[in-house]
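These notes open a run of structures that come right after.
Shared between the two complexes below is chain A, which has chain B as its partner in the first and chain C in the second.
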Partner chain A sequence: MTRQKRSHHKLKRAVAPYLYLSPSLLIIGLLMLLPMVTVIGYSFQNSAVLRRDPSFAGLKHYQAIFDDPVFWASLWHTLYFTCMSVIFHMTIGMAFALMLNSDRINPTLRNILRVLYILPWLFTAVIIAVIWRLLLEPNGVVNSILMQIGIIGSKVEWFSSPETALHAVTFANIWAGYPLFMVSLLAGLQGIPKDFYEAADIDGAKAYQKLIFITIPQLMPIIISISLLDFIWTMQVFPLIWITTGGGPIYSTEVLSTYTYKLAFSSYNLSQASASAVVILLISLGLTLFYIRYQKAR
Partner chain B sequence: MNPMMDASGFDKSQVADIVKVDGKAVMFPVASFVYPVFVNLDLAAQAGVTKLPSTRAEFLEAAKKMTIADKNQYGWVLPLSLQTPSGVQNDMMSWVWASGQSMMADGKPDLEGKPVVDMLTFVKSLNDAGTISPGIATKTEQEKVEEFVNNRVGMMIDSLAHVNLIRKRNPKLNFDLIPVPVVENYTGKRGLPYASWGIGISAASKHQEEAWKLVQYVMSEKVNAKLVSLANAFPGNVNAQPDFVTSDKAFGKAFEIFKTGYLANEFTGLPVAEDLMTQFDVQAQKMLAGEQSPEQAAAAAQKGWMAKF
Partner chain C sequence: MAEVVLENICKTYGNNFHAIDQLNLSVKDGEFLILVGPSGCGKSTALRMIAGLEDVTSGSLRIGGIDVVDMPPKDRDIAMVFQSYALYPHMTVFENIGFSMRLAGKPKAERKKRVDEIAKTLQLTSLLDSKPANLSGGQRQRVAMGRAMVREPAAFLMDEPLSNLDAKLRVQMRAEITSLQKQLGVTTIYVTHDQTEAMTMGDRVAVLKGGVLQQVDTPKRLYESPVNAFVAGFIGSPSMNLFEATLTGDELMSGALAIRLQDAAFVRRPGLSSYAGRKVVFGIRPEDLYDSSLESGRKYQTIPAKVTSIEELGSEQIVHLDIDAVRVDSGDPDAVQDFGLASNAVAKFEPTSTVRSGSEISLALDDTKLHFFDPETHLAI
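Moving on to the complex of A and B:
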């Protein structure tokens, strides 16, 4: 083989992997990187999209949203909505997974419960929003039941009152999202070797001790992975909040996604909307990096 | 479109409304969907409301009489969802326009003026009297119509375009249409809130003359009448008469209201109209939640609006 042929062969070997990767890289570049870079660019322009010759704005739009008290309220609401959702998704998901994994429940009943518990996962966000709007409306079923059993004395405007609206949308999101945890943890529970529990039984361990010292440590990788993913997804929830409350009443359920949407499609201030979107991107990116580091460490 | 109107000798008096931006005509409403008050006649009769309200005071009295909260029945419905803040335009500002008043002064917002503050005070009085169906802050226009259809509210301000929908949803519903009530002692022409299909000519168009010919054609009496008859809408040409107004009693009544009043929607042509409505909506919600007075709500909304002008 001549020297020239050898170097040609080496080049082909070096380029081949990139050629195989090129379709994926092209799609990622067009569908993910290009929109992201464009939005980041818009956040530094005046009258982005609306003018043909937008001028450079520097950090003006970031300053504007950081000076806006509604932005900080949205950030706080987003954190509350996300943290409460993740905590309750995990708690309810764990409780139901343990129930479905238990030998003490009749297999037929267990199968029925399995179907029932997973139902919320099958509905789209729009259906979930409509269901809870109907249930929680002032003249709805929930108020009627709570009044009949004497828990509340008068009709509560769950979504329309500034005092209850954020809790109500968080509740609806908890109801919609726990099956992900339940299914993942159930799979994890079924993978824990029975020997651990048998050894614990011989040592005279009680049920709560087995839960704390065997079950939870064994499930910890799943719990952390799913919690991080849930945190990232829940932070970006838009349709459920938009359809149930529109970010109101007043600003009581305004979250970063509805705040950004209103800037873009109500105020047509696409530059500030882009700046707000970049802030969401940075928070999500931080969480994603944390998730990747955790996965690598495993 | 001013130069074209002047050059062709276009009769401006035949047009129901001319939408202007910075004093220049930019759009004619071709087909208008007006917003009168729908009244559930059965609920009104049960409540002893024999004369349908013509003034705000009469409306408040009628709403009080029709309200039986224990039966989930209310006098009025006000949709102020931030998802679609058009309730500000259709259900709140319509009270201002009905009395021939304005939310603007010299092309700028005048929300702290008497007309808007009085309207907010009036809406607050309806709320304080418990006559508004609960859930105001998240209620949408569709829900408003559903509540009316299901005999849960006695009165609502709504688009005439919903007449057929209401009949379809509840064929037995006995309702009538009245103009939006006015302030005491007002006898002038009533402004009628409306939404419309509009027509204008792009400044970038290379065929301005041809476009103007099309505008004139669509706005001409016979063509406009034919077009709005198909759309169940009211004409952009005041001389045109759609055929359904003679064949349908409700539309006929609404057409009388339309002919004796004038089209009024000051949001059309304003910058970021939806954002302005959202800002006003938030302040109205704060007022209804008891966090501020009508004057404070008007002042806060004025401040927000001025930043957009």
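Moving on to the complex of A and C:
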């Protein structure tokens, strides 16, 4: 091979990977980076989108949302909604996964339970919202059952009372989201060698010791990565809350996504909405970086 | 330390499959017993029943005089080494070895003292802080041994502990385990499918086939006087050659083949003369067949054979032969591998032999080393 040919070959090898990546890079650039940059731009403009020649606003819109008590309430609701969802998704998913993985349950029953437990996953957010609105109606099934067994004395307006609304939407979201944990943890459980448990049996481990010393450490990588992903996703939940409560009553279920939506499409304050969106983006970005760092560390 | 006694142990699975049938076995205090047999013979099931990881369908099982059939594994005072080692990947070597003590709630100082002691015996001291993933195969094997030793059990149960190691390391670990067992004097039951391990490690060897115990004896006696054709074929590598022939007077006849038997053969086996005029199975080990053109083969009678292929091993040659006799299957599924398509006999020749593949040779055989079996029952005569 001549020197020229060799350097040509080298160049081809160096360029080839980027050529393969280019279609996906192009799509990501157009569909994700471009809107992101645009929104960031809007957040620094006065009357963004609405006026042809918007003026530069500096940090005015950020100042405005940080001064807005509703924003802080939304942030707090988002955190509550997200943390509770992730914690319960994890514990319920883990409990069901352990149950489905147990060989003490009859295999036929296990298969039936597996289908039942995964059902919430089959519904879209809209259907889940409608189901729970119907179930939690003042004259709905939940109230009538709870009254019959004497847990509540009078009808509770789950979604319409400021005291219960946030708990109710969180509950609906927990119900909708645990199957992801269940399925992932079940797959993880099935990958733990049986020998580990047999060796522990011989060493005299009790059931809870096996859970603490073997099962949970073995599942830790799954628990951490799915929890982080769930955290990122749940922070951005919109349709479930929008359809059940619309952020109300009196902002009691207002989360960052509904807050931003209302700013944009009810108040048409697209600049402030953009600023709020950028705040969500920054929080998500922080969590994502954390996730990526964790993945790399493994 | 304790005696392990199995009486009429049976294991039947739901689909009526008898994994173990009427197993009687008594392992003396401090003895090293090997359970050996082809895959699926029930040896691991038997070991797992002793450990308590598998239910006993019927029969009695005593460890140190106590009936343990209904006891959970932890109360049986046994320790087990798994084929996969079952080391916990998220724990260090120290934590792995000390795990049973931690479960038992022993204070850290006591744990450390005991684990350090064991690590010293097993030369693991410098590795106590490592995770299993950073250890070599042999080191992991030693950690698994350490985890078993830490509890000072009445008996060690080992389920093919060397099968994940490469050949060289296996030889080394074979010697290490044997000397460790002698040093500790703990009753040990060791499952393997490798008959080299069986022959070299155990005080006694129990051969299983299809869930039925065939023979329990010292390695030497298993090799010299197998009770049936299966044991004869299973013990020894390559397997014993087994053929069918008709006993006519004092000669074994098969096709063009005739082997004259000496009077001593009949004296040693009084039952043999009753097979006169009938079919009988005779066996000869590859190491008792010689190249007649060499010094060592001179004094023996010879039979014609055709060389089909040769495996040169340096220290010896494995010669595949075709002789004019009907080969008998010993029932060992692994033995089939020893025979090619065109050959029905195997011989071990000295490296100085100059036989060539495809040549007709005269094969010398040591007729005092012949084994005889009933053609129907395959029992030794």
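Everything that follows uses one rule, which is that the second predicted complex is superposed on the first by the 285 of 298 C-alpha atoms of A that agree within 3 Å, B and C clash if a C-alpha of one lies under 4 Å from a C-alpha of the other, contacts with A are read in each partner's own complex, and residues count from 1 in each chain.
By definition in this document, a contact is a pair of C-beta atoms (placed from the backbone, for glycine too) under 8 Å apart; a residue touches a chain by one contact, two chains touch by 3 or more.
Please read these numbers as outputs of a predicted model, since none were measured by experiment.
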item: Fit or clash between chain C and chain B when superposed on chain A; value: fit
item: First, second, both or neither for A:Asp195, with chain B first and chain C second; value: second
item: First (chain B), second (chain C), both or neither touched by A:Ala205; value: second
item: Centroid geometry (CA): angle chain B/chain A/chain C, rounded to a multiple of 10 degrees; value: 150
item: Partner chain(s) touched by A:Gln4 [first = chain B, second = chain C, both, neither]; value: neither
item: Chain B versus chain C as contact partner of A:Ser55, first or second or both or neither; value: neither
item: Partner chain in contact with A:Ile214 - chain B first, chain C second, else both or neither; value: second
item: Of chain B and chain C, the chain that contacts the larger number of chain A residues; value: B
item: Touching partner for A:Gln148 - first (chain B), second (chain C), both, neither; value: neither
item: Lowest C-alpha to C-alpha distance for chain C against chain B (Å); value: 50
item: Common interface residues of chain A - those touching chain B in one complex and chain C in the other; value: none
item: Interfacial residue positions of chain A with respect to chain C in the complex; value: 193, 195-196, 198-206, 209, 213-214, 217-218, 220
item: Residues of chain B that touch chain A when the two form their complex; value: 72, 80-84, 134-139, 152, 272, 274-275, 278, 281-282, 285-286, 289, 291
item: Partner chain B, residues of chain A touching it in the complex; value: 133, 137-139, 155, 157, 159-162, 165, 242-251, 262, 266-268
item: Complex contacts: residues of chain C adjacent to chain A; value: 51-53, 72-74, 78-80, 82, 84, 86, 88-91, 99-100, 103-104, 147, 151
